[in-house]
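Note that the chains are named A, B and C in the order they appear, and that numbering of residues resets to 1 at the start of each chain.
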């Protein structure tokens, strides 16, 4: 069993994600400049005062990027939370379904998955107005279809094993079987899926913001920053490069984390051929 | 005259662990050799080594000599020509060795046209003849079916037909009856016996069950943990096993027969 | 003790998996149910374990109809009728320690209610000794054990509630010859010691011959022959049984 210290992906992934977390938490109470402070001069280059320069309104880029980290983390984790709760529940029920109900659930899930997240987002935003929560809700619901499908498959796979039959023969009730046999066997994979979906959620949010459907200021995510940077990309390339790079790094970090988690559990619960 | 000569065959993993070592065997034309062993014994790896089908992470060394050609040295291109036309191999699970998306007739026609040079117009007849040779009762139906639409026994016969389409000198059968029901397995073994005889092929028959091996092979080697622990004619191995592992195999296979014998003789016996 | 009366069953509702199945598992007489794939033998086991209900007919336990809806009856039945399965790599939960795995019947059947905490661990230790393992296994996980050892653990779990009947579905088919002998030996020993009646379901007549007193031969969902082992093996009457016996490869030709 490989100890965590030798699992390089898990270590590096955790450190990077922790870094983003750290930045996000700090930004709640402090950023180098406040967002309404427009004293920096338009589009100035990086300096000791403004580490990443300023935007068209004279606001400090670094501060805006830090806020972006907070948005990325918020959206990532909250959307995934919604995804697991909604999708996971549906998935568990679908996993236990037999016969006609099974067919029904499969069709239902296939339809859900086919529904484009962006369209769903637009519908929700049209109904609730564009806000951070609308975005989180839309992305969360979109992701829940992935969780539902993965959970259903995992549950079905576990239920087909003999140890479930053995548990029933031992007199264990179905609710208890779900608790002590099904869930422990599916949560490692769900954890990996969650980590991956955090990246997906971050990217989805960036797309929404880029399209102008994301949270309005002052909750500017990296996607919003990118959208705003469209006009200044040649005159001040950093305005586009920095948020873009942050997004890429964020997604890579969660993917590393996901890989590390998967590797860790693969070693531990490998079933012999 | 030996057509296949294996000396000091060794198969090792990347980490340097020997999975098979010091394997020597000889196969003459028309000979039938059994390889006995269980999972982990190295029997299947040996078969894969002969056909150079080992997974890339494993290395083989030693000598595998087919009528003067050193198989471990030839190029992959050369080996492709040898596989099928000189040595053919049939595996345990025909569901995985047949293409699930291609009809049987089409799959069979591929080696027939390639190796026997049958032209398009003659293919249908050739396919039916091949299916008849393996005693498939309704060749037309089978030719138009997909692998999952025919029974396990029929699939295994088709797999044999595919192996034979290239008219090999040596046929390797790796646990081909293990997944089949007892009565179907008996039929497939009979078929194998017939085919080997009429075509005068050499046979290497791999199995974990000595009773099954005794139906088709004359000599056998017993493998355990990657080495040969005993070898001899089938009769010798059954009557006078030396190695403790061979003794266990024989004893286990004799279980039923001992019971049946006791019943027939009216000897009181303890079922417990 | 357990009797099937004219039981019919079908998974799909269209083609019958079992037709008119009637037999008894009598105390002290090991029963072997032999058949090839599709014969319905595994389905009989699932019905006997209450995992499915018969379509027609009735299953009785000690003279009374088996009704799993009644919790008390169900618990009593499960205490007395346990099972082991074919695939040792699938019958243990990879995320459960051996201690918890073996203790599960004690907890689920209420046997451990009101008992002190170490009582369960003691019982599990005893069960492990009986199957030839020691208590270092308690905190370990299934992946650390071989196929033969896992099968022993499964037997320990099945016997911890001290059942009268053990149903065994292909108990040694997935094991190599060394383990096969060991497990058969273990089953014989346990049968003696605990006055256990074993019902073996298998396609392998040699295993059935080694353990069973009575034999049922199944073909396509029906019982085609039944009788004592002597009768069925020594003087088979049904053509299917004869075919089955004939198809088994023999060593005697070479002796």
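Everything that follows uses one rule, which is that a residue touches a chain if its C-beta (ideal position, glycine included) is under 8 Å from a C-beta of that chain, and two chains touch if they have at least 3 such contacts.
Note that the coordinates shown come from a computational prediction; the quantities given were computed from them, not determined experimentally.
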By the touch criterion stated at the start, how many steps lie between subunit B and subunit C on the shortest route? 1
Most distant chain from subunit B, judged by the mean position of its C-alpha atoms: A
Can you tell me which chain pair comes out on top for contact count? B-C
Centroid from C-alpha atoms only, then distance subunit B to subunit C, rounded to Å. What do you get? 33
Find the geometric centre of each of subunit A and subunit C from their Cα atoms only, then give the gap between the two centres in Å, rounded to an integer. 48
Euclidean distance of C-alpha centroids - subunit A vs subunit B, Å: 52
Going by the contact rule at the top, pick out the subunit C residues touching subunit A in the complex. 49, 51, 74-75, 78-79, 82-83, 85-87, 89-96, 101, 104-105, 108-109, 143, 147, 154, 157, 161
Subunit C-facing residues of subunit B, complex: 38-39, 181-183, 185-186, 189, 208-212, 214-215, 234-235, 238-239, 245, 248-257, 259-260, 263-264, 271-272
Contact footprint of subunit B on subunit C as seen in their complex: 30, 36-37, 176-178, 180-181, 188, 191-192, 203, 205-207, 209-213, 229-230, 233-234, 243-255
So, in the complex, the side of subunit A touching subunit C is made of residues 161-163, 165-173, 176, 180-181, 184-185, 269-273
